[in-house]
Amino acid sequence: MHALARRLEALLFISSRPLPPDEMAAACGCSTAAVDEALADLRVDYTAERHGVTLRDVAGGVTFAVADDCAEDVRRLTGAERPDDLTPALLETLAVVAYLQPVTRAEAAEVRGVSSEWALGSLEERGLVEQQGRADTPGAPILYCTGTRFLKLFGLRSLEELPPLEEFSLQAAEVDAIRARLHANAERRRA
Amino acid sequence: MHALARRLEALLFISSRPLPPDEMAAACGCSTAAVDEALADLRVDYTAERHGVTLRDVAGGVTFAVADDCAEDVRRLTGAERPDDLTPALLETLAVVAYLQPVTRAEAAEVRGVSSEWALGSLEERGLVEQQGRADTPGAPILYCTGTRFLKLFGLRSLEELPPLEEFSLQAAEVDAIRARLHANAERRRA
Amino acid sequence: MPADAVAVARPVEFELDLDVFDGPFDLLITLILRDEIDIWEVRVSRIIAEYVLKLADSGEFDLDATSQFVVLVAALLEMKSRLLLEEEVEEELEDLDPDEAAERLLERLVRYSQFKSVAGALRLRWGEHSARLYRSVPVPPALLRRPAPAGALPASALPAALAPLLREPPVPDTSHLADLAVSLVKELRRLRLILGDEGEFTFAAVAPEDRLQRAVTFFALLELHSGGEAVLRQKRHLGDIVVSRVSRPTLVAAAV
């Protein structure tokens, strides 16, 4: 293996967080370009078929993860459980925080139409959202944002990898149908 | 690589302590002889010349360790590590472990009233709590306790130096009662 | 959701005779949940009054059945109050031109639907990635350039964090409940005196300012009614209640 690749392997093994290439370059005293090249070597070596661990690009850096087909053995050994599934309410709240961050509790509630206090607390306890200071508005409400664990658990390199919100818009025909229904209601009320 | 060797690689990669071959055999559902054979394969692959980490035999088990010539790179990387800042949730969980140890995940959740899976994982990652075997109850849940890094961070020579809870208008008897209740719960689960 | 509470509840058996419905209470609940009866049409206060009558009739107090009844009525009230709130939002919008109001609502629905869809996409990603295992082992001290400073955090932070969790929660303050129990009896006595002196009065004239006290007064009225001591009348929806003395002791059934 390439000498620099060996050194990166050691860094990636020891670090419990994904490492950005420039941090690895600083530690090894080389250029980021050299790191990128050596990483490409490592990626070839660590394909799932050959090793029990694979390289993953996640949460702003590179990290080793257990190959998916070896995960069950590891769980038997460590007793680590899969994280509990998220309820629809939690997923919805998480979606609001992910796209609109930083958001206050009131802003999340306004989008969802229901109080989101419990959902935000539960997401915070699961390490999926974090408090990020307070808004500079009356009452100084807490601002919530997503953190590294959110990116890791959803397999995202960065927030930019989230598809644009517009892609989730209703179809024009669906909007028209709702509009027609609402205007019909308005008409009835006027009558 | 040998299929079993891949699975062992995953176990050794994730484990925070050296693994005895029989534990690996139990996790993979195979014989210790098969593990020894696959380990021999791994040893050939992980020689210092080829990888940044090597296999070492320590204290009756096997573990991955950073190759000696890569240690300096790692030190340069960890020089940039952030200091230990504990969020209220982490501090609370750490206090539960410190005073009531050994505790299971379920017991920590019971005292705190919320799921403590993420918090315990995060404390483990910081080296502040450690796994100390498993409870002798159904499901054999992992027992957590504090380690030497914990003592150092809080400037304690031993657990006896933990500040008494009496100053917080809690009698030692009350703390004992809670500990007894946790253990009684464990008994009940076992029954 | 109240619907769940209703689904698991034990049946509460008693017959109702309302304008819109005549039959067992449980059937009424079922019909409301199935949208076959509009909850707007149902006077919950009337149901409560009938139940109180039933209790008076049977002469015995079944705590389990009554608790169930309270749960069901609370569920009905919640459903009804939600409708009221929706109405309020719509009223707010009604100040606008109805078409403009519809557009505003549409805007909100369209925006919300985006996040609902995102939640679905996130669920798929979660299924694929959340179970992945990453290494989370601390760096061995020998490989740290700067060893963690000893005593960086104060040990006193630990008992401070644990103590609130271990302390027994304070015993719930039930003094207000005790107050209620006493003042219901007092209130009954007061209303009986007024009824005896004046023969007729209105709820508005005798009800105290305090909301809790008003509720007690209302319960006392129901009690007078169920005991056959008074007749309650209301000219219009949400209007004042007129309470009149029943001249001779009457059978409970005759008062209804």
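Which chain is which? They are A, B and C, in the order written, and residues in each are numbered from 1.
Going forward, a contact is a pair of C-beta atoms (placed from the backbone, for glycine too) under 8 Å apart; a residue touches a chain by one contact, two chains touch by 3 or more.
Because the structure is predicted, anything quoted here is derived from the model rather than measured.
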- centroid check, CA-based, most central chain -> A
- Looking at C-alpha means, what's the farthest chain from chain B? C
- What is the distance in Å between the mean C-alpha positions of chain A and chain C? 38
- Gap in Å, rounded to a whole number, between the CA centres of chain B and chain A: 25
- Message: What's the distance between the Cα centroids of chain B and chain C, rounded to whole Å?
- Response: 47
- Item | Per-residue overlap in chain B, given as positions that touch at least 2 other chains | 10, 13-15, 66, 71, 74, 76, 78, 121, 125
- Query: Using the touch rule from the top of the page, what residues of chain C touch 2 or more other chains?
  - Reply: 133, 135-139, 143
- Note on the structure: Note: in the complex, chain C contacts chain A through residues 90, 94, 98-99, 101-103, 105-106, 108-123, 125-126, 128-139, 143
- Query: Can you name the residues of chain B that touch chain C in the complex?
  - Reply: 10, 13-16, 66, 71, 74-76, 78-79, 81, 83-84, 86, 88, 91-92, 94-96, 98-99, 111-113, 121, 124-127, 149, 152-156, 161-165, 167-170, 174-175, 178
- Flag every residue of chain A that touches chain B in the complex, lowest number first. 1, 5-11, 13-16, 19, 23-24, 26-29, 50-53, 64, 66-67, 70-71, 73-74, 76-81, 83-84, 124-127, 149
- Task: Spell out the part of chain C that touches chain B in their complex, as residue ranges.
- Result: 133, 135-139, 141-146, 148-163, 165-167
